[in-house]
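The structure appears right after this line, and notes come after that.
Per-chain residue numbering starts at 1, and chain names A, B, C, D, E and F are given in the order in which the chains are listed.
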Amino acid sequence: MPFIVVHMWEGRTLEDKRALTRALTDAMVTHAHALPDALHVVIQEYPKENWARAGVLGVDQAAEPATEQP
Amino acid sequence: MPFIVVHMWEGRTLEDKRALTRALTDAMVTHAHALPDALHVVIQEYPKENWARAGVLGVDQAAEPATEQP
Amino acid sequence: MPFIVVHMWEGRTLEDKRALTRALTDAMVTHAHALPDALHVVIQEYPKENWARAGVLGVDQAAEPATEQP
Amino acid sequence: MPFIVVHMWEGRTLEDKRALTRALTDAMVTHAHALPDALHVVIQEYPKENWARAGVLGVDQAAEPATEQP
Amino acid sequence: MPFIVVHMWEGRTLEDKRALTRALTDAMVTHAHALPDALHVVIQEYPKENWARAGVLGVDQAAEPATEQP
Amino acid sequence: MPFIVVHMWEGRTLEDKRALTRALTDAMVTHAHALPDALHVVIQEYPKENWARAGVLGVDQAAEPATEQP
């Protein structure tokens, strides 16, 4: 019955979300012994002006490396 | 002073939200002995592409029964 | 499929929790059209030293009225 | 490594968010001994129809005092 | 920079948690393009008397199948 | 009416929590124009075996620098 909340920046594609939620679900089934039917994964997306790291908003940060989309 | 977070799919009407938050508040006052004035209920709505059950996003699920709007 | 998180002070009895989660579930079924089987309610309890209102921790507040156990 | 979630009504300006997340970060560094680089602050904004106090949605409340924008 | 919160019943072993958080991290790196160093996964464990499904607390539910430890 | 959740490792003293919640409250009043009386700050503490960074649980990490207690 676990419930997983992913907090991250907005901007992933539908295909990213499809693959991500499936992989997170597989991890829960394998390692937390969860039954898939009662397992929920939700994604909370934040605009860059609503997420700060080290006190600096995403909109004010220098560009991240290409592989990172927090 | 409790704080209640409702995670659910988007799509309820304003009237649904009005009745829902009032009923949740009544339940808290009756059974958790909360004072209404310090009791907050918030609704976090998710688009169907941000909520997966059993590893399948809402946008990819077969239609739910008419009574269910997760 | 909604997921409800109740943040409140620790201290309710098992019977309180039983009645509370049932009433919250009923409210969700009636007003948010949720199917009970996919509806989860969880309670996050906080010790009084981990909850502040108006900048004052619960352990430092004057006694609350008898009807309030936030 | 702390992670701070601010739940509040929508409507703050970018400048408010910039100053707020910086001040919250400073508070964490000073009083929780956090290293800034691993410290995240996120803001979850709610429309007034998704936040109820005392069982009354924000859209149904009388205007708040000028200094309050919950 | 994502932050993942896993809500589930208490009772997993340390080894389960070690494998689970590693697998969830791998899923985030692969499918959400996250940099591991800024990726946090936390586990919130609930006693069975604090989690209800279909309005019934975990302590009041009939035993789950052996493979399920929500 | 904001509600602030601080996710961090367990281990701060009562005096740390007292100073921290007061400073976070001050930041919210100053920069988010919140009224103190309706402002709540809660601390969710995690044992080191329930928090992973870069896929490594806190219990398995090398000692952090003295100034960091995530």
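The working rule: contacts are C-beta pairs under 8 Å (C-beta built on N, C-alpha and C of every residue); 3 or more make two chains touch, one makes a residue touch a chain.
What you see is a predicted model, and the numbers here were worked out from it, not measured in a lab.
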item: Joint neighbours of chain D and chain C, given as chain labels; value: A, B, E, F
item: Chain at maximum distance from chain B, centres defined as averaged CA atoms; value: F
item: Reference chain D; chain at largest CA-centroid distance; value: E
item: Magnitude of the superposing rotation for chain E and chain F (Cα, nearest 5°); value: 120
item: Of A-B and A-C, pair with higher C-beta contact tally; value: A-B
item: Length of the line joining the C-alpha centres of chain B and chain E, rounded to whole Å; value: 21
item: CA centroid of chain B to CA centroid of chain F, Å; value: 27
item: Between chain B and chain C, centroid-to-centroid distance (C-alpha), Å; value: 15
item: Multi-chain contact residues (two or more partners), chain C; value: 1, 3, 5, 7, 26, 38, 40, 42, 44, 51, 53
item: Touching pairs among all chains present in the structure; value: A-B, A-C, A-D, A-E, B-C, B-D, B-F, C-E, C-F, D-E, D-F, E-F
item: Chain B - residues contacting chain A, complex; value: 7, 44, 46, 49-57, 59-60
item: Interface residues, chain B side, partner chain D - complex; value: 3, 5, 14, 17-18, 21-22, 25-26, 36-37, 39-45
item: Contact set on chain C toward chain B in their complex; value: 1-9, 12, 16, 19-20, 23-24, 26-28, 30-35, 38, 51, 53, 65, 67-70
item: Residue ranges of chain B touching chain F (in the complex, touch as defined); value: 1, 3, 38, 40, 42
